[in-house]
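Paired with chain B in one complex and with chain C in the other, chain A is shared by the two complexes that follow.
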Partner chain A sequence: MKFKNLSVSRQEELTGYLFMLPFFIGFMIFQGFPFLITVFTSFTNMRFITKDLSKIKFVGFDNYISVLKDPDFINAFGRSLYFSVLYVVLIMMISMALAYFLNDKIFGCKLNRTLYFLPYISNIVAISVVWQLLLDNKEGPVNMVLKAIGIVNPPDWLVGNTQIVIPTIVIISVWYGLGLNLVTYLAALQEVPKSLYESADIDGANELQKFMNITVPWISPTTFFLLITSVIASMQNFAVIMSLTNGGPGNESTVLSIYTYQQAFNFNRMQMGATQSVYMLIVLALIAIIQWRGQKKWVHY
Partner chain B sequence: MGSLLIKKENSAAGSQNSKKANTTKIIISIIITVFGILNIFPFVFMLSSAFKLNVNVFEYPFRLIPNPLVMDNFKEILSVQYHFVKWYSNTIVLVVITITLRVLIVGITAYALARLKFRGRDQLFFVFLLTLMIPSDSLLVPRYMVLSYLRLTDTMWSIALLFTFEFFLVFLVRQFYLTIPNELTEAAIIDGCNHFEVFFRIILPLSKPAMITMILFTFVWQWNDFTDPFIFISSSDKQMIAVGIRSFATEHGQRYAMQMAGSTLTLLPVIGVFLFVQKYFIEGITTSGIKG
Partner chain C sequence: MKKARKILCLVVACLMALSLLAACGKTTVSEEKQASTQKADDKSSTQKEADTAKPSGPVKLKFTFPKPVDNPAMKEYIKYAKEKLNYDIEFVDINPVAQEYDKKLSISMMAGDAPADVFYYYAAILDKYIAADTVLPLNDIAQKANVNLQTKYGTGLTVKDNKVYGLPQTRDIWVTLYNKKIFDDAGVPYPTAEGWTWSKYIETAKKLTNPSKGIYGSFMNLDWDSFQYMTAHQKGIPDYKADGTSNFDDPAFIEALKFAHDLAGKEKIQPSILTLKSKQLPWDSFGTGKYAMTVNGGWSTCFVMDKKTYPRDWKYGVLPMPYPDGSKPASSMVIGGLAVAKGTKNAEAAFKLAELFASDSFKFDTERMPTRLDMSKDEINSYITTNFIKGHEDDGVTVEDYIKCWFNPEITLTPEKVNGPGASVINSTFISEGELYGIGKKSAEDAMKNVKQKADTAIAEEKKANK
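Entry: the complex of A and B
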């Protein structure tokens, strides 16, 4: 075939397909195909990964029903929800407040931006090893300081119960992820026209009024964007939990991602792991729909 | 005239208030900076403890400059009995392979999505975008299944390929290509260039900043990735640094100073690179959105 003899738009179309091909194939294999296999597995009794399809029986919705009847799943789901809500609320509030002050309100903005951004590019596992020492319940520097200022029974942090272990992990995760939200907010704040604040000054508005009536609405698209990415980030908690507590103590910090991993790899219930993954994706889709519907009420473009 | 008067009044009131405003600014600056320094205390603690004797790690009050200051922790963790050097070099190889694959594939894909018209492009783009909404932690089991059917588990290719075919960086580079003026490429097409020539002669040389950002992100994310090697690689000698440091910490729970030396070595490359090329990271994040 003579490529040059084709019309320009036909050439363009063929080049388009050709350029897309490598990524498309890889994407289908590594991103698309897993979906299909998971959905398939969730309807079977496959406990191990096997190519021998003769032993595999279809069980209809049995797995879906037994997952819902599994108290460990319900507990893990509850912990995930607790984790996500706490994470999203904290990171959104702190990053917005911090960005507000870092934007023109203080000296040393660049230095501070680096100080708060640094955790984000560091290795969460290596830094978790450090946090484990900092929060050591007997000799750790944090509890030593707390004891020194008169707190007789400082918290057990990473070896305590759900009331304390999940918030501790959330705080470390927020510390870790804060820089990303902060930098995004800072960029958004730069876009707010200075003239709006100047005319508000003339009208005698105070700082809080300016913040609530100019800043917040103006950056609401960014808030919406960060809300979505923070919800996603709140579910990316496998690495931080595995390295801080391994899901423990007991299973006090066994959230969904950890429990799904355990089902598939520790308890050899691949079909349950797959079914739980499908449930997780359904929940994700619901959250996404709720967010898109809800944005119309408070996001100003 | 009236507006002039108002301005005068305002500036008079302003100069009275400006001293007070300045004091507030200084106080807020100090508070934020103190918290900023506290914010990086884990790094300070790590670096300091890495040079301490094991018994001195938990000394109270905390001593910034170790006394005595020892190098033994680094010497010991780099010795052959721990796989540290092996993990380190494995990770470097993995990062280099992934960056090469991405440079080859991401550019042309982004170009096709940004500049070429073909049937199904917009639908495809939408599907790719949707995958950015899925936290990869919810796909661990599915991905493991595919990789094991392909016999890729326990090889670094499993991770390199998973990373290469993630959409995020294609999206980032596409956004950049959209900012290159259309006239440039149209003129070349009219002059008889085909799209291969346009891409390699015009677009690629112009997109150095985007490529650098892509390479940096790949480096940082891949170096820091724990979950993928943890799930997909089982042999200790094929393992990556993030999993390595965790398994060292679990196996040698009481050797705090050595754990800190290991953590320091794990963090050194990314933090070093970051401090030098901060600009690219921050611009990459702010111009194109990000990933969690």
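Entry: the complex of A and C
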């Protein structure tokens, strides 16, 4: 069988598969096989290392039950959800609002767009160090400003206040991730036909009505896409939390990703770490399914 | 479409075949090793293991340690070992940071291969490698090499089921370092080793603390696990009860937790845990010259020995670790050692390298104490003079000062950290609960209650897993 003897459509199909191949190989090596191993490990008693495979026993759903009985897992899971809700709501609202304003020809528009995107391409650890210095509870610039405007006891942002630590990390994460959402929204906003706004003007619609009835529905596919990616991004908070608080104070910012890492690599409970990862995957998949099903009611293609 | 599917199937099949080949390749190596290990297991003694593992060519060994490859002491040691043993020694740089080294070593072990023939271990972690059957017992090889491990290293050895698995390479006994300039400026006389209790330490530090100049009398890393239970260990309170459960409901542990954080909160002689974290004060802050005293492991002498990293215009003094009032003098101590990976092809040579390092490396490393018990007074004096006095005569520190800290039989040596079942969970819980107590979000009683509960769960779980 020669490639040239195939019909054009089959040649295209074949070419398509060949283009997929590098991704497929990379995916299987770095994600597919590790994922399968993780699922396998979650059904075993493998705590650490063993060359003697006979020591690894299949334990059914024991790990899944144990994890649910672990109060630290439940707490970490709760914190993750709290983090996600705050993050997704904030990043979606702020990025949409900013994109809406930056879409107009305002002074320094391009510079603003660049500035908002800069954190996204910066190193998260370096950003964390800068934020730690900014938020130093005694001599940090943020609290100095707050004191100057009359706030006697400004918050201990990252280290001393167990109530405020997650919202603080969320704000930093939103600031970091805003650029991508903003640029995506800007691209979507530029696709909205101006004729629609002109018609609305003729009909006497105000700015809010135009935004709610034209802009929001028109960019709804983008909103849907960003909603899914933001939910996933909100769960991928390991680096920022590890560099800012290491899960502290106490365990107050120990979210699921941090706790899973601790279980696997600090406490040598590899099977528990794997089980928690599977739970995280299930939750993310469920959220994505709910969003996918729900999109029919509000996404307009 | 059918043809396209066939092509796709073909591609996937090729991929699977390729990965299978790769896996087979790996298996061949693994099988060889497994076969070698199996052979060794079949023989009753480790001596026979060593015999089967004799190399045919020049001896090549890999060695790993939590230090960077360009560390001068490490370079000197490798050179020394090459000359003494005539081996081809390759240094494997895993990570110089202790915690990262431990994690990366664990991951390598998890992957099924030790990264080196001889590897350094921290006292609390060798147990898991032994349980995983990845460490070579050394009794028979030592006997063949005419090394009496008991006489030479005694309690420093890591022993399990009467088998020696690790040789002590570092014996780190805690000390107090002080900045003489701050004492002079405040007109406070230098403290002495005799009767150096915690109350004297606090009393002295109070006289030296001067917030207007940014001077604190004390610096300790209150966010470290060992500080949360330091005085309980010094008083000789065990971590585990006779029934195997944790002993953290002993009032001494609540007192220890309160004591550590009171140094900042009540006594105000040092930065609180909140300040340490908020200002990101580094662990080696004593080297900045703004702290009059620090209590830390013997390795902390690098703050005053290494003038390149810590340039100073002040002189230092050294004392033993302070001890609790009403108790006998006691200092924290931690052992780090060297183990031989079971998969080594040069068991005898690997043992010789580990033993040479355990025996002689103190000659090249100023931060560590000798672990040998058979050293003469002259050897001890020479060690202190060479490593701590020469080049630092201006400081006015004497050999006797160091002997009082590190070679004083009147000082009881107590474990720096919790070592035993569930240790990693216990130490981690002490850090998180200690932090919550330190920032005032939890009472000491509630914090210790949580430590006790989590410790007991971790111990029970580990016992169940090891059955």
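The rule is simple: the second predicted complex is superposed on the first by the 269 of 301 C-alpha atoms of A that agree within 3 Å, B and C clash if a C-alpha of one lies under 4 Å from a C-alpha of the other, contacts with A are read in each partner's own complex, and residues count from 1 in each chain.
What we mean here is this: a residue touches a chain if its C-beta (ideal position, glycine included) is under 8 Å from a C-beta of that chain, and two chains touch if they have at least 3 such contacts.
None of these values were measured; they are calculated from a predicted model.
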On the A-aligned overlay, A:L68 touches which partner chain: chain B = first, chain C = second, or both, or neither? neither
Does the superposition put A:E13 against chain B (first), chain C (second), both, or neither? both
Between chain B and chain C, whom does A:P22 touch in the aligned arrangement: first, second, both, or neither? first
Between chain B and chain C, whom does A:G160 touch in the aligned arrangement: first, second, both, or neither? second
Could you look at A:D136 and tell me whether it touches chain B, chain C, both or neither (first, second, both, neither)? both
Check the residue A:N266 against both partner chains and state whether it touches chain B (first), chain C (second), both, or neither. second
First (chain B), second (chain C), both or neither touched by A:N45: second
So in the superposed three-chain picture, is A:I290 touching just chain B, just chain C, both, or none of them (first/second/both/neither)? neither
Comparing chain B and chain C in the superposed model, the one touching more of chain A is B
Between chain B and chain C, which residues of chain A are contacted by each of them? 13, 17, 24, 49, 51, 129, 132-133, 136, 139-140, 265, 270
For a test of understanding, state which residues of chain B touch chain A in their complex under the given definition. 6, 10, 25-26, 28-29, 32-33, 36-37, 39-43, 45-46, 49, 57-58, 60-62, 104-106, 108-109, 111-113, 116-119, 121, 124, 128, 131, 133-146, 148-150, 161-162, 164-167, 170, 189, 194-196, 199, 220, 223-224, 226-227, 230-231, 241-243, 245-246, 249, 256, 259-260, 262-263, 266-267, 270-271, 274-275, 278, 281-282, 285-286, 289-292
Chain A-touching residues of chain C, taken from the complex the two chains share: 1, 3-4, 7-8, 11, 15, 34, 37, 103, 106-107, 109-110, 112, 128-129, 131-134, 274-275, 277-280, 424-425, 428, 432-433, 435-436, 439-442, 458, 465
Which positions of chain A touch chain C when the two form their complex? 1, 6, 10, 13-14, 17, 21, 24-25, 28, 45, 47-52, 129, 132-133, 136-140, 156, 158-160, 162, 247-251, 262, 265-268, 270
State the interface residues of chain A toward chain B in the complex, per the touch definition above. 3-4, 8-9, 11-13, 15-17, 19-20, 22-24, 26-27, 29-31, 33-35, 37-38, 41, 49, 51, 98, 101-102, 105-108, 111-119, 121-134, 136, 139-141, 144, 175, 177, 180, 183-184, 186-187, 201-202, 225, 228-230, 232-233, 235-239, 242-243, 256-257, 260-261, 264-265, 270, 273-274, 276-277, 280-281, 284, 288
